[in-house]
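Two complexes come next, and they have one chain in common, chain A, joined by chain B in the first and chain C in the second.
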Partner chain A sequence: MKEKSLSFRIADVLLLAGFLLPFVFGIMLYILLEPASEGIEIAGAKIYFTLHMPMPMQDLPITESQVNSWLVIVALLFLCLFLTHGLSAKHPTRRQHAAEWIVEKTENLVSGNMGDYFSGFAPFVAAIMGLSAFSSLLTLIGLYPPTSDLNVVAGWAVLVFILITYYKMKCGPVHYLKSFGDPVPFLAPLNIISEFATPVSMAFRHYGNVLSGSVISVLVAVGLQGVTHMILGKLPGFLGQFPFLQIGIPAILSIYFDIFSGCLQAFIFAMLTMLYISTGFPEDDYKEKLRKKKSKQN
Partner chain B sequence: MMELAIGIILGCCALGAGMAMIAGIGPGIGEGNAVASACEAIGRQPECKGSVTTTMLMGCAVAETTGLYALVIAILLIFLAPGRLVNILVDTMLSLKQ
Partner chain C sequence: MQSSEVISINIWQIIISLLNLLILFLIFKKLLFAPVKKVLADRQKLIDDKFDDAEKARQSADEAKKNYEAKLSAADDEAQSIIKTAKAKAQKKSNKIVGSAKEKADDIIRQAKTDAELEKKKAQGDVRHEITEVSALLAEKLLEREINTADHRNYIDSFIDKIGENNDASS
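After this line comes the complex of A and B, so read on.
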């Protein structure tokens, strides 16, 4: 095994720092810009600062969720660079195995669920999954998770909706419009509604799950605070303030709501993206069209 | 009078939120059925545990949607509606006085 050179190690440290520093930066922003609040409260994303745009446009508020999702994007970029730093075919390192495992798993998932035509979708799906999972996991370090803001998730859902419509239109707009009259033309209004319900339900599902987790955690924490106060409140001094029920019990909920539910929702969002895109695509008709085109050219 | 009106608004918002969450029954029953069937399937064929679990989680997520709609409405009723309604009430009262 070849010894690593100094410059390689320095680049390694820099990349790791690039992965970790955004989170530190986020915590610092949170401490600096967030007004200290008394007790526990449930609130939406706070506005960090407002960009004043020239007259015809509206003012642009930069919220906590936007800043946090930028931080996640930067951190993920450096994580990818770190994992792929120093790839070699002869002496694969541990991190290369990890990177290969991730790539292989997503490619298997995409080709298994979407078919071979969509095999180029693996990077997109992996990006959505990683962004969503890391955004939800931000709660672990006390930051506001961008996925519990409807605007963020709705943006992703609109992106997916555009992709779905693009692949449905592959056979031309006439074919696309005809697909609404399926199975009977009489049902067209319902088909149109269900078309628009797709992005709405995707956005609400992800947002609702993450938000409900944090709301329930806060409610349980407040309830435990009340119970502790009831039991120990009469005792004098430090003992009366001791948070003996709040230690440990909310962590059990956090394992489910923050870690399990966050990763599961990321997986489900990516899965639904794949399924909607691949089922909406009229593969047989598209192949037929390609064959006709070829025979015309010949 | 004003206090009574605000009290009615707050109370009705809380009641509405609670009633909206009755919708949680449906997804609960549905997901319970899905998990029961998945357990049966795994018991019958332990070798396809992986794919059965994945499919079950997907189905659970889709079944959950209606419950989450109700949750969104309940959250709106608790956190947004009271403020809006009280503002409207105060505005109308002020305009009536003038």
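After this line comes the complex of A and C, so read on.
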């Protein structure tokens, strides 16, 4: 294997720094702007500043969730650049293997779940997984996870809903409207409700899981504090304050709620996206339509 | 610093988040999937080319092998025929040599036989002469007188001849 040039190494280091610096920046922002908290509270994202909109429209508060989302996007952008830096067909590096693994796994997953027609969805599914997982994992470095903000997840769910509807409309609006009267016309109201329930359920499932993880972690921390105080409170001096139950136990919860649940919810959201889009798409009817169009042209 | 509510709906934030996902999708598509897929396609092409090359090389090797085999068998045949003709030639030559040697030997033997015959005859003549001389001398001494040598010799000769005849018959 040939030795890498100095400029290649420098670019490597810069790209890695580009991946890591957003997180450092997030932590700095958190430390600089966060006032020392008074006790434990369960609250939404901190509002950095608010853009005031003309009257009929809502104001736009720029909160931690937006900023952290952007940080994650920038980090992922540099991660992509880092992974694809120095690709070669003949001498793949370990980094290239990782990039190829990501791409191939995602494409297999997508074509396996959605069929070959939707194979172009692989980057979208990878984007959902990456954004969701990295957002949830921000809790590991003490930042506010954007996925525990309903608006963030709702935005993704709305995008998925738009895609579902777009693919359902592929056979024309008449076919789309008819699909609500399936299997019997009087179920149409239920079908409409379930149509709108899809994005709502997706958004609430994801957001609820991440938020509940944070809430339970906070509650357990408070509870453990109380128990420790009860047991050791009578001891004098420093021993009375020693948080011995808070050592270790919250970490186990963190493994479940932050790492496992965060990755699992990312996977679930991606899977549901794939399934809803591909099952909603009337593939047979669409092919029939294409064939008719072709025969008409000929 | 102010916090937003735990559950709050803000249309702008939803739109921002939607656009975030779209942007990340484009980033993944352009910066991760496109280059990696290109590299994979390149590698596939490289492998296909290698396979084609190998196939071509195999075919040419097969052809060369066939050529060599044909040449080899031709050479074998040629060698066989050369050996055959050489053998035949050698056989002929040896026959000739042996024949001439036999003739020569026969000649020599015949010569030797005639030589021996001659020698024998000569020796017989000599012996007869000696005996005749000796017996003549003996008779002269015995009779103490000169006899006609010529008559005597004839007599003895005929006598020896008779003995020789008797000897030949008995043997």
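Following the convention adopted for this analysis, the second predicted complex is superposed on the first by the 290 of 298 C-alpha atoms of A that agree within 3 Å, B and C clash if a C-alpha of one lies under 4 Å from a C-alpha of the other, contacts with A are read in each partner's own complex, and residues count from 1 in each chain.
Here is the rule we use: a contact is a pair of C-beta atoms (placed from the backbone, for glycine too) under 8 Å apart; a residue touches a chain by one contact, two chains touch by 3 or more.
Computed from a predicted structure; not experimentally measured.
In this overlay on chain A, chain B fits alongside chain C without clashing. In the overlay built on the shared chain, the residue A:I73 is in contact with chain C alone; chain B does not reach it.
By the touch criterion defined above, A:L264 lies against chain B but remains apart from chain C after alignment on the C-alpha atoms of chain A.
In the superposition on chain A, A:S201 contacts chain B only, with no contact to chain C. Of the two partner chains, chain B and chain C are each touched by A:L211.
Touching more residues of chain A than its counterpart among chain B and chain C is C.
Contact with chain C, but none with chain B, is seen for A:L60 once the two complexes are overlaid on the shared chain.
Looking at the shared chain after the overlay, A:I247 reaches neither chain B nor chain C.
Once the two complexes are laid on top of each other via chain A, the angle at chain A between chain B and chain C, using C-alpha centres, comes to 130°, given in steps of 10. Of all Cα pairs linking chain B with chain C in the superposition, the shortest spans 7 Å. Judged by the document's definition of touching, chain A residues 42, 211 lie at the interface with chain B and also at the interface with chain C. On chain B, the positions that touch chain A within their shared complex are 57-58, 61, 64-65, 68-69, 71-72, 75, 79.
Of all the residues in chain A, the ones that touch chain C in their complex are 33-35, 42-48, 51, 53, 57-61, 63, 65-66, 69-70, 73, 76-77, 80-81, 83-84, 87-90, 96, 99-100, 102-104, 122-124, 126-128, 130-131, 146, 149-156, 158-159, 211.
By the touch criterion given at the top, residues 1-25, 27-29, 31-33, 35-37, 39-40, 42-43, 46 of chain C touch chain A in their complex.
Contact residues of chain A toward chain B in the complex are 42, 201, 204-205, 207-209, 211-212, 215, 264-265, 267-268, 271-272.
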